[in-house]
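Letters A, B and C mark the chains in the order given here, with residues in each chain numbered from 1 onward.
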Amino acid sequence: MVDNKQQWKAWIYLSPAIVLLLIFTVWPIFNTVRMAFLENYSGLQAAGGKTFEFGIQNFVKVVKYRKFVSCLKNTVILCVTTVPISTLLALLIAVALNSIKPLQKILQTIFFLPYVTNSIAIGMVFAAMFNIVGSFYGTENEIVVTAGIVNNVIEFLGGKTINWINYGSTYTANMIVMIVYIVWNALPFKILVLLGGLQSINKQYYDAAKVDSTPRRRVFTHITVPLLSPMLAYVIITGFIGGFKEYTSIVGIFGENMGPADDAGRLNTMVGFIYDALETNSQGRASAAALILFGIILVVTMINTQVSKKRVHY
Amino acid sequence: MPNKDNMTTMHEKDITKEKSRQKVVKLFVQVMVYAFLVAMAIIVLFPFYWMIISSLKTLDEYRMSVPTFWPKTVMLSNYAEAFTTANLGRLFVNTMIVGVISTLLSLVITVLSAFAFARLEFKGKDLLFSALLATMMIPGELFTITNYSTVTQFGWMNTYTVLIVPFLVSVFYIYLLRQNFMQIPNELYLAAKVDGTSDLKYLWKVMVPLALPTLISITILKMMGAWNSYIWPRLVANDEAHRMITNGLRNAFTDTTGDVNYPVQMAAVALVSAPLFLVFIFLRKYIMAGVSRSGIKG
Amino acid sequence: MKKKLVAVLLMLTMLVTMLAGCGETPGKTETDAPKATEAPQETQGGNEEVKKPVGNFTVPEGGYDGSAVTITFYNTMGSNLSTVLEQYIVEFNKLYPNITVVSTNVGGYDDVRDQISTEITVGNQPNIAYCYPDHVALYNLAKAVTTLDELIASDITVTRADGTTEPLGLTDEQKADFIEGYYNEGKQFGDELMYTMPLSKSTEVLYYNKTFFEANNLTVPTTWAELEDVCAKIKAIDPESIPLGYDSEANWFITMCEQYGSPYTSANDDHYLFDNDKNHEFIKMFNSWYQKGYLTTQTLYGAYTSGLFVSQNGVKSYMSIGSSAGATHQRPAANADGTYPFEVGISTIPQVNAAAPKVISQGPSVCIFQKSNPQEVIASWLFVKFLTTNVEFQAEFSMASGYVPVLKSVGQNPVYADFISKADGGNFISALSAKVCLEQEKAYYTSPAFNGSSTARDQVGTLLTKCLVMTGDNLDKQIADAFADAIDECEYNN
């Protein structure tokens, strides 16, 4: 039963958002679909007066790309690893921050700081941390000028240096670097959201728990997490959407090469593929790839929202 | 510690023992919590540190194959150069104008939409919400060409409008706030209805205060967005009067070979980040200012 | 249930739009797009017996009519260069007060490309832009770049504000004054037509540690065979060193093709020709050098190889091949007393045949875009002509940028000649680099540009890098596979 007054009120409240979305989001999406079905569509060629046939060649071409599966695999791996790890870490940090008294202000400020740090700086730091500068790794005339700070730490702890991102590095090592980097990048935002959520939880719940002298872990699993579940659902779902769109972080570490020197494109993702297509002004192919990606994210998000419907407590 | 020997005190002793054990555990947990937080803080701080030291290096030291963790010669002059090379004042004002206006408008739109999705019942609500979520899933780069042609047709080139309007609605924020609104017990809303409070008044007096931390988070994100936006402003408003900070910074320090003088650029980034950083410290107090207490009073 | 409904509905909406969409031709942009002339455009198709390809711009009778126009110029000039430019805009305005030039620094070269290729789709492109050949090939998809042939050939007389006149086109002397390799870069688009004018150029040069070379009686290599020799000797003197650092893998591959005369790419139908025996052969040779520890490249080394070259402790290199415009980065940090730890020498890069040298030509050219108002195109041309043929501007711009001028006569300009005469391996290293570049004026080559030529460039760079580090018995097979992969990638993107 929906009363009519609420009906039109709702639409009035929504109208500014809807109007803007129609113009700046929905219309471009429609245009994307159009380009995806025009064979070999190129915006520049269209501007030059060329017309394009209708067809599904763009989709065929995307799927036939010999590294399509690898792009897809990289995207999925990055997604299913970084989202849980970063969410869990962010949750722990947010709860810890919320539970302490001394130093709380300073620590909170520190966790906000990345927001005023330019993204260029972040990319450069990471490259410097993992990059080995030198030549001939692993051969007898190996020359290492600097092993990067991460390797310095490993050596200091008595371990053996690992070739993280340079030529000859393994796929696993590459992936570990990417996961660390993406998690690191994602943390501040998630901490911010979760901390915001934590602080709007009514203190009464905790006071009640205190009276009952409920153990810490039970408070966490039975009060904090359920009450925080809407925020958790938010960061997980948006995390997945963001994860499927991973691209810039890989450029940040590996450059346009999208892989170590001896295996360019090894770490390419779906969005990386889209960028490659845009580079040669093949908007048709880019759009087709985007729609394929869209389909995948849609399915995952539907699963996510189904799960969160059962788990989220409002 | 008192030492007694009858049965009841034995029991008491157990309790004190248990209590001191709990104390030790508590202390241990506290230490662990701090160790964890400090370790994470150091990791999170690293890029910030890098930005500062990079801003103090010479270009040649910056380009060295072995990165140095403390500049050999501290180039404070980079800051002076950053300040004189880029028209920082103008860039800053432009960015503030765009940042503040778009944050305010965006907050209004987000609050209204989130309220509709969280509290009101209307036909097609679930469908519309899912459709909104779906729009987040297409890489935004594909929109650029279409949106560019749209704003050209609107005649919005080189105006503040073109920097503000296209990105006012963020499904991310609507979603975030809706999650927050849905946590507020429905009883409050129904009670307000019985009292004859209007929706807008209820929204303003009850829901907004309760969701303040989230709204502040959104403000921070939106302001940062203005600070970091690059591709769109470059495309649509790259004239002196409207140029935004990142564009200004990126362009000002390219040297002859098209390379960027990163140390000076970093200095400029640090300079323009400073005011933002101060705003943050201020906002943090806000977030913590017993927001939860503002609860039921409404 | 509802979610499924959403999905179905979404898909349906899309289907509907798509059907609606395909009925509509992209005609909207067509009217906005720059179609300044009705001159026939089909020049690429008829490659059989077309005598004289026809350009896309017809000079209106009377040439520049003196009308007030504003022209925009996109570039990547930092503040030091835009200061020079602004001075000469003032000079230009003394001759043509009605032409307002607005110069905009758009960022880096890629930023210029991305910005313009978006702007072209709605007909908003600038009048003039800094360009690389790849960019022009991209803009040419929309036929947005003006061909300059008619303008260059035009003998219409233009009257300037100071009462003097000049021909609209280029005089024979002006044409002859351009360094040939640079001038011909404007014609590498497969149709013999001229699309760009060279503005300022750079190339690759060999930097070597002169102090070390002299101390050890080494001669500077002029051929690759000599280079191998020198590397072996250096390795014997300093086993801990990597004798040679080469910054750009892609340049190396393309230059080798040019020096051997083996195919790389073509601007015509079958674009990607680099998978051939000669190229396999030199790759294999470089692989063996790499395995002996003779050399490294930027990607393999993990940083600019100039860092290795200027290094004073630990691993060093004694030769470095890099951009002539980056000479100051190849100079070691000065001692406290202002002297340098070693003297840098600069020479032409090693050759296959030292008698007929080939070195790559890089650096920005400028192109002029189509506009519905032909006066804007003419005004743009007048400005481009002013910048590219003005000796003073070329001299001053070159000294400020580290690039080399595109005119031979700049060498006689007193200020520039003075600058060049100071050339040394220390304080005036930029002058030394410029001097070497000017002396090899006959050696410049450029590679064909077409949509996809930048992909080819990327691919051969990665290919070379990948092959250098290969080990094992079946090297030939590995190399062949790597070539096949690179060709695949190129062709996929076309």
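Following the convention adopted for this analysis, a contact is a pair of C-beta atoms (placed from the backbone, for glycine too) under 8 Å apart; a residue touches a chain by one contact, two chains touch by 3 or more.
Here the structure is a predicted model, which is why all the values come from computation and not from measurement.
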Task: Contacts common to chain A and chain B (chain labels) - done: C
Open item on the list: Measuring from CA centroids, which chain ends up nearest the centre of the complete protein set?
Closed with: A
Open item on the list: Taking each chain's centre as the mean of its CA atoms, which one is most distant from chain A?
Closed with: C
TODO: With contacts defined as at the top, give the pair, A-C or B-C, that has more of them.
DONE: A-C
Open item on the list: I'd like the Å distance between the centres of chain A and chain B, where a centre is the mean of that chain's Cα atoms.
Closed with: 16
Open item on the list: Centroid from C-alpha atoms only, then distance chain A to chain C, rounded to Å. What do you get?
Closed with: 36
Open item on the list: On a C-alpha centroid basis, what's the spacing between chain B and chain C, in Å?
Closed with: 41
Open item on the list: Give the residues of chain A touching no fewer than two other chains, as numbers and ranges.
Closed with: 31, 43, 133, 145, 291, 298, 305
TODO: Find every residue in chain C that makes contact with two or more other chains and list them.
DONE: 3, 6, 10, 29, 121-122, 301-303, 307-308
Open item on the list: Counting only residues that touch at least two other chains, what does the list for chain B look like?
Closed with: 65-66, 130, 134, 145
Open item on the list: Show me the residue ranges of chain B that touch chain A in the complex, using the header's touch definition.
Closed with: 29-30, 33-34, 36-38, 40-41, 43-48, 50-51, 54, 65-67, 69, 108-110, 112-113, 115-116, 120-123, 125, 128, 130, 132-139, 141-143, 145-147, 150, 165-169, 171-172, 174-176, 179-180, 182-183, 199, 210-214, 216-217, 220-221, 224, 228, 262, 265-266, 269, 273, 276-277, 280-281, 284, 287-288, 291-293, 295
Open item on the list: Using the touch definition from the top, list the residues of chain C that touch chain A in their complex.
Closed with: 3-4, 6-7, 10, 14, 17-18, 21-22, 24-26, 29-30, 33, 35, 117, 120-123, 138-139, 141-144, 240, 242, 291, 293, 296, 299-303, 307-308, 314-315, 451-452, 454-455, 458, 462, 465-466, 469, 471, 488-489, 492-494
Task: chain B to chain C touching residues, read off their complex - done: 60, 63-66, 85, 126-127, 130-131, 134, 144-145, 148-149, 152, 157, 234-235, 238, 247, 250-258, 260-261
Open item on the list: Under the definition above, what is the set of chain C residues touching chain B in their complex?
Closed with: 2-3, 5-6, 9-10, 29, 76-81, 104-109, 111, 115, 118-119, 121-122, 124, 202, 301-304, 306-308, 311, 323, 325-326, 329, 333, 400-403
Task: Residues of chain A that touch chain C when the two form their complex - done: 30-31, 33-34, 36-38, 42-49, 51-52, 54, 65-66, 131-136, 139, 141, 143, 145, 166-168, 256-257, 261-265, 276-277, 279-282, 291, 298, 302, 305-306
